[in-house]
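This structure is in structure tokens; I'll ask about it shortly.
In order of appearance the chains are A, B, C and D, and numbering begins at 1 in each one.
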Amino acid sequence: MKVTLISHTPEPEKVIATAAKLCYSSSDIGSLYDGLTEDKVQGFIEMLVSIGHESVMEHVSFTFGIEGVSRACTHQLVRHRIASYSQKSQRYVNENGFEFITPPEIAAVPEAKTIFDEEMQRLAECYERLADVLCESHKQRLIAEGLDEKTAASKARKQANEDARFILPNACETKIVVTMNVRSLFNFFKHRCCNRAQWEIRAVADEMLRLCCQAAPIVFKNAGPSCVMTGRCPEGKMSCGRMKEVQEKYKELKNG
Amino acid sequence: MKVTLISHTPEPEKVIATAAKLCYSSSDIGSLYDGLTEDKVQGFIEMLVSIGHESVMEHVSFTFGIEGVSRACTHQLVRHRIASYSQKSQRYVNENGFEFITPPEIAAVPEAKTIFDEEMQRLAECYERLADVLCESHKQRLIAEGLDEKTAASKARKQANEDARFILPNACETKIVVTMNVRSLFNFFKHRCCNRAQWEIRAVADEMLRLCCQAAPIVFKNAGPSCVMTGRCPEGKMSCGRMKEVQEKYKELKNG
Amino acid sequence: MKVTLISHTPEPEKVIATAAKLCYSSSDIGSLYDGLTEDKVQGFIEMLVSIGHESVMEHVSFTFGIEGVSRACTHQLVRHRIASYSQKSQRYVNENGFEFITPPEIAAVPEAKTIFDEEMQRLAECYERLADVLCESHKQRLIAEGLDEKTAASKARKQANEDARFILPNACETKIVVTMNVRSLFNFFKHRCCNRAQWEIRAVADEMLRLCCQAAPIVFKNAGPSCVMTGRCPEGKMSCGRMKEVQEKYKELKNG
Amino acid sequence: MKVTLISHTPEPEKVIATAAKLCYSSSDIGSLYDGLTEDKVQGFIEMLVSIGHESVMEHVSFTFGIEGVSRACTHQLVRHRIASYSQKSQRYVNENGFEFITPPEIAAVPEAKTIFDEEMQRLAECYERLADVLCESHKQRLIAEGLDEKTAASKARKQANEDARFILPNACETKIVVTMNVRSLFNFFKHRCCNRAQWEIRAVADEMLRLCCQAAPIVFKNAGPSCVMTGRCPEGKMSCGRMKEVQEKYKELKNG
């Protein structure tokens, strides 16, 4: 898994502080912006975060590149609707020799690992064989319809990929570019950094949070799962029961 | 594939017409609503549709049950963000003996069909085997941690499903409940009824449109791919080149 | 102020329960729906509400007609973005003799009431006079441009309204049709039923909640301001300090 | 009216191009990003814009400060829901001696201008008088409830502002910080740069577009009203009938 911070709104703290100041001031925007020294910004953002004035956080966005994750993971990720996504397409990109993600719990059990690895290899062979058979069949049809061989071959390959991908597994590696604003990130971290989230999306969320904290430490000071944000766990009897440990983990993640 | 219209806003035409009338009238809402005879509603909705006054269409929502479709299909579906989704979870539901979707292009080529069917069967066996191995390993660990056998077995099964699903293929059958408002449906049909959309999501979209037309024929009178909505194809040189045929198809779908 | 429930998704509890069941079941949607007796639905919805499984609540929408409220109130209302709005237009509707909303705190202070009422009357006269002057000026210009008198008069009236509305006050009465799904309503009630919200939007929110509780009592059982939903106030030192009283108020509102 | 570009995603063209490349490539994100020379980016973005691949445009956001506009204008603006807003509050900021916006059509007719200006002055006096009367009344009550004079005076002032603003007119000047992503901006320009939009929001939209074109000229090359984006007017018989003139205007606006 590799998460990269591709881009983000410059001077995130200052943008947020300017927007927030505006709500309660009759000064013009230029003066508000220029009057915000680094010190003032810090204190002001801390106050906004502490009272939960989240709407002003929307003015700042972060764009991440995420690779080396499974399609299972991105299927969870894209369910967050206040966000923008661009994902490697299995319809347009040939997946011969595809990479795959092995869940740690499978890697830890030798017998499971063997079943898994053998199946992944077989799937790769099958995918290639299936795509070739479909491709040849499409090509013949397209030639019969009057296309020249080269055009037919290229069109056929695309159509073949589109259907062959039906045998590709959830483990299949994918890449995705994700943009979320800070408010949406807060919500994402709340749910996906929680110990009850699945291991893979939690690892992605942790890495995103680490990068956010480097870029805008004051804004993300309290970000994390519910128990980090609010000091309490809302999961009731479903709680992981390890709040202290989780809080400690995110303290380290943010410092390190 | 099976699409059911589970529910929709009652009297969709009347609700839309009331909301639209309100924008241009100083009458009270009750009078507007009561004054809308069936005839008046029809003419008014036709006018709104023709001038593209889409925001009033948002007051009416449709909820569909969709089953017998592949995860490949729902991964496309859930990318429409102005909508609500509830989907069968592969984390919580065991997929022993899972159903799967065979793309027609694969079904049509005997050699491809054989590869596909054999692989699906092998995947089902593998999934079951992998889940069992993981389950046994988790169970032993949980018992060693002090859980009684019954609790350990139940917890282990869940954890095993969660990781075993990594080998499940895109072809795997899924079910989903989807709610969209009419404006979002218009956009969905525009993109997904188009001949350039993939066969499976196009089939879902067609069926949704057919059900919408039965429930609110005037509202959806012009709905469909761009060439049906506007009489022109925006795809340029990517166009399917069969506009007349497509327009004919949707005329029939709506009448029948 | 008058709030009417124009429409809502029929059988709201059953639709939500079906969607929720689907996530954890391999049964087909028809069986799930048919198997949900009234008793089962009630218990199930109560459980969903208690664990905060909010995404399934989105499948049900409510459409309200709101009238007799000020533009100040709707300017706050329309800031809720997960919702649909159709509002009486001050550009298209002439506001001669406009109605207005008097804040209770003004009504309670005779001197303030006098200032307010006199100003409202003067504004009404001014609006009419201003619109007439503008209308006449536009009409002359349009006739000079070659339009016949009748067409010119009608066009001129519209243009005149558009600019004359600049002197209309926040107190000016407006009407709006609003559609929100249950999840968005929960959020709306959380913020706008709070004692710290403004009196007018709080009155609207209270009335919407009352109507929701009549239509779907189990779904909205816990709905209300934060202190009603969760039993605690998140406002810190900004708290109204009257939690018990507020909780009592919403108990009565729901029962009555 | 003053519109400032407060901030935007850095290297907007490169971010969009990277996201778009990813969909059709199996290269890793770092290589894609690094491989995008300025020349390649330009050609690629032009292609994306021409085929209408809008989803990748969402990865880039622009944040504007808008001041010197009327509340009438921002009431239209905030109806665009795929955006973030922070606005000067009339509840929290005292509006003594408020600035106001005069519509050009009123400024052009001396008799109208006189009515308007006199009314604005009277409204300012009334607002101040009303706020003072309310403030005094609140203060007495709060002192009677046991507050010291200073605290009572400060609390009373806030409560007084909140209600006195009911007489403030639509013309009242406001300030707002707005963030939209490029896709949402395209839609905003399509509707609000159109000749049929109201003069004030059209002026805001024009200025936003001018600033966008300076920051990311290739991305916004085709942006503007429908007739600029697509070469055709969708308004039918409501069309302004001056397409050539409008197209010329935006050519000039973009050049400088």
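Just so it is clear, a contact is a pair of C-beta atoms (placed from the backbone, for glycine too) under 8 Å apart; a residue touches a chain by one contact, two chains touch by 3 or more.
Model, not experiment: these values are computed from the prediction.
Engineer: Pick out whichever of the two, A-C or A-D, is joined by more C-beta pairs in contact.
Structural biologist: Pair with the higher count of C-beta contacts: A-D.
Engineer: Call it same or different for subunit B and subunit C: same when shared residue numbers make up over half of all numbers used at their interface.
Structural biologist: Mostly the same residues.
Engineer: Farthest from subunit D by Cα centre, which chain is it? Let me know.
Structural biologist: Checked the centroid distances; the maximum from subunit D is B.
Engineer: Need the CA-centroid distance for the pair subunit A / subunit B, whole Å please.
Structural biologist: It comes to 23 Å between the two C-alpha centres.
Engineer: Roughly how far is subunit A from subunit D, going centre to centre by Cα mean, in whole Å?
Structural biologist: Roughly 30 Å, centre to centre.
Engineer: Between subunit A and subunit C, tell me the centre distance in angstrom, where each centre is the average of that chain's C-alpha atoms.
Structural biologist: Each chain reduced to its C-alpha mean, subunit A and subunit C end up 35 Å apart.
Engineer: Using the touch definition from the top, which residues of subunit A touch two or more other chains?
Structural biologist: Within subunit A, residues 85 contact more than one other chain.
Engineer: Tell me, which parts of subunit C touch subunit A in their complex?
Structural biologist: So the residues of subunit C in touch with subunit A come to 51-52, 234, 236, 238.
Engineer: Please give the residue numbers of subunit D that touch subunit A in the complex, ascending.
Structural biologist: Answer in residue numbers: 2, 4, 6-11, 15, 18-20, 22-26, 28-30, 33, 55-56, 58-59, 61, 63, 65, 67, 84-89, 92-94, 175-177, 179, 181.
Engineer: Provide the residue numbers of subunit B that touch subunit A in the complex, in ascending order.
Structural biologist: 70-72, 75, 78-79, 81-82, 85, 90-91, 100-103, 105-106, 108-109, 111-112, 115-116, 119-120, 122-123, 126, 129-130, 133-134, 137-138, 159, 162-163, 165-171, 198
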